[in-house]
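In what follows, structures are represented as structure tokens.
There are two complexes below, and they share chain A, which is joined by chain B in the first and by chain C in the second.
Our next item is the complex of A and B:
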């Protein structure tokens, strides 16, 4: 194997620290610091520092912003790795350049979801031990902790690793400070045609195995809520399909945003061309349509046949305390739908518009997750408790901001050590 | 093996909330925590209003959703029917709290010792207290109960875990009645063993019409209500208890 001439830089700006990158990393680090500070206050005072309180006589919501984001990050993770697997499975070669981004997004989002669970626990240290020591499969939470976290995490790490071997082998040809890493990662992979074929087969079968697993796992996330007969608004059969669809929506939406950023900063305009975005846009359009259909079904049943408490809950959503979030989320969904439809119909796709749509659906998804988690607690009591209320404390927002900062930080770091967009085939000398 | 249950006679209950107080004293529950709660309800429009009272302990459900959802098995059902929380195992996820349809679970939002009703730092009480803050724990509530020998009695053990009514396990195991039952001035609460035909609860329930709260949710509660009816949907709570815990 021929080494590249010394002096040839690694692709996609790896290892080169630019002022722009430093700014982003700096901002992200500030957010993380803020989050850590907010959590340290919470850790010393107890969860009393949050806006959460008990249901019933205390008139609060005991699950709030943190659980909202556990569900949101879990959904994003699902979207990322499922898309990566589908690319292999359905041989969507056009989309291959974003495969790694999808896998990375999953790993990062899972980590954030796990942290969000831990900050929500009253006894986080015990949680780390007991959740594994005394795991009970009967609890729908078991699905979240084990299948979702470890299953996804395992699948996406294996995926990231296997899919990255070829690029690692390519990078290892260039002398650099990171060469040891590339050599380790490539683990003897030399990218001969035979190896390439085997590699392809392996990732195909891996995809066959994980897609159903992922759907099941995300459904269990829906079951965390959907199986609770005593909580109006949660007990519903559409809960699981709606969870999976919304997960796809937020995952694909975020991927569009990330891909647009990567395209700019990693100089991959040619690899991440308009055709990639067009495909993603079409996918997002389909998912948004399905989701809106499920949402309409759910709302219609709740308003039409719903029992008294169920109706009261719907009223709080449509006109009451949560109306702002509800209508904003709906408006965001519809706006992004309009943006996507317009582009699809005129066949004129534009990356900025797609990014806007991607951001909108993510904001809407967060809003929708919040509306699943909170109102059923404050307005869904079956016994005659007074209506409750929940306003997240500043600290909760800071912790969430810290989580996003951590996500940005991790992705930015990854971009400086490894090609975030799969290297093109042509860079491999034929028959090498 | 006994099959513990409670009967609540809504015709007798006068809404005095003595049981609520007795429970707080017996179990050392901290501010804002009501293992036993008595709803004081009003229905209809003035002058056609109707007042009713509804005591609400934990229902010690036979098919308890809180037990089903607990990810670590801290919430469990004993063979005698008590639904208890293992304070040493609970991780404070509060899943039991959202799963329970009766709103009987309470989380320790802050250090229990910082959550007294009395402000022990108040200078006015310093002469009497000598600057001491009484310990929150007490040996009886810290003991281990049942064949499992788990720490399940009393409230306010640690910050960050969930607690709820235990039917006063520490009293039952000594052959005593739960504190709320003992203290009720009109004997609206009756406790005992359903297996034993001669127990107070069996004799009290015999031949009387009874119902259980929110039976449609499939929880199979162990608390039987006599007289009255399930609160309708247009009832209002006239005197909610002071419940919020401040930061």
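Our next item is the complex of A and C:
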């Protein structure tokens, strides 16, 4: 590869700091600082600083907002890299520009999920050490924490690294302060036909290995709830497939939002054209339909033939304490479905409408994750305890805001260091 | 050499996963004290090491240089 002349700008605005970018990074940093402060209070005072309480005797919930977001971030992570792997496996070349976005989304979301679960532990260090020493394979947590948060994260990092070597080699041709990083990342990549073929083979087999790993990993998250026979609302055969489907919904929805933002700020209108969004919209439509079918099945079973506690729990969801969140989540799902269906039927796809649909399904997914985690603990007691309650403390909201801030910060920083959209083939002459 | 090393890493990785899961952590033991903890302390770490090794094979496959003259 030949070097570019000094002064040649790096692609996609890399290294160019704009006032808009600084504002976003500043706001994200404030959110992170707030989250760290809130967590420091929790760490010094203990979990009593949160709204979490023991089940039954204390009438509370031991899993609350943090676990809700562990599940949510895990879902988002699933959607990102699965799509990236499917693009490679099914040769969906049209969607290739969003492959790296998907990989990045997965890595960031998994980091956030890992932090969220550590925050949920009263003694994070004890959890970290004991989990690796004594985790029991009989427990679905084994899959969640070994496969999801270790293997899955590592696999995604490998995928992101190898897929980025070609673009790193292209960026290394331009003299810049980051050249050392690009050279390190490229690791001698010269884009020869042999290297291209080898990368195609490696990516294909990585994708083959990653897709089943992701399905198993996300299913184990569902099994954490679905295998608990003594917990009405959780014990269900559709829990794992519903988890995987909702993971796809939230992942693809967030990818649409992220792609629209990147399209605008990185000047990638040509790479992230309407055809990419049309494909993503079609995929999201299919996933939302499947998820709504699973949701209806679950509700129908619970209300038609459910046990006493199961029915009481469903009443709390439909008409009681959680009705607001339930109906809001359902309304968001249905609204996004209407938006997507209308675009699909009229064949008039609109990026702003797709972004709205992507945001709506994510809000709905957060609500649904909360409804999966909390009500079964407060209203699903088989023992004769009175109904409990859970109200997240302000500190919990602050920690979650900090996590979102960290996610935005990581993605914004990545965008200023590396091409977030894969560079087109024609920029590299074969065998250069 | 590169192909051999890659295949070896994949085989060892999967073997490590299988051994650590089925033999060292022994998931089928469902009664008694033995079901409380893995038979060998650190079995989950070995399992993770196996997963990591399999995916690291892809990096080795791509990064190891071609044989001279090819």
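A few notes on this one:
Going forward, the second predicted complex is superposed on the first by the 430 of 432 C-alpha atoms of A that agree within 3 Å, B and C clash if a C-alpha of one lies under 4 Å from a C-alpha of the other, contacts with A are read in each partner's own complex, and residues count from 1 in each chain.
By definition in this document, a residue touches a chain if its C-beta (ideal position, glycine included) is under 8 Å from a C-beta of that chain, and two chains touch if they have at least 3 such contacts.
Keep in mind that this is a model prediction, so the values were computed, not measured.
After superposition onto chain A, the partners chain B and chain C occupy separate space and fit alongside each other.
Shared-chain residue A:205: touches chain C; no touch with chain B.
Looking at the shared chain after the overlay, A:389 reaches neither chain B nor chain C.
Legend: residue contacts after superposition of the two complexes on their common chain; A:158 is shown touching chain C, with no touch to chain B.
In the superposed pair of complexes, A:150 makes contact with chain C only, with no contact to chain B.
More residues of chain A are touched by B (comparison of chain B with chain C). Applying the stated contact rule after C-alpha superposition, one finds that A:350 touches neither chain B nor chain C.
In the superposed model, A:136 makes contact with both chain B and chain C.
In the overlay built on the shared chain, the residue A:303 is in contact with neither chain B nor chain C. Look at A:188: by the touch rule set out above, it reaches chain C but stays clear of chain B.
The gap separating chain B from chain C in the superposed three-chain model is 5 Å, by closest C-alpha atoms. Put simply, chain A uses residues 131, 133-136, 138, 142 to touch chain B in one complex and chain C in the other.
The part of chain A that touches chain B in the complex is made up of residues 45-49, 52-60, 62-63, 120-124, 126-127, 130-131, 133-136, 138-142, 145, 224, 228-231, 308-309, 377, 381-386. Partner chain A is touched in their complex by these residues of chain B: 32-34, 37, 39, 41, 54, 56, 65, 68-74, 89-95, 97-111, 158-162, 213-214, 217-219, 231, 233, 235-237, 240-241, 243-247. For chain A in complex with chain C, the residues that touch the partner chain are 131-138, 142, 146-147, 150-151, 154-155, 158, 161-162, 165, 187-188, 194-195, 198-199, 201-202, 205-206, 209, 213.
Across the complex, chain A is touched by residues 21, 25-27, 30, 35-38, 41-45, 47-48, 51-52, 54-56, 58-59, 61-63, 65-66, 70 of chain C.
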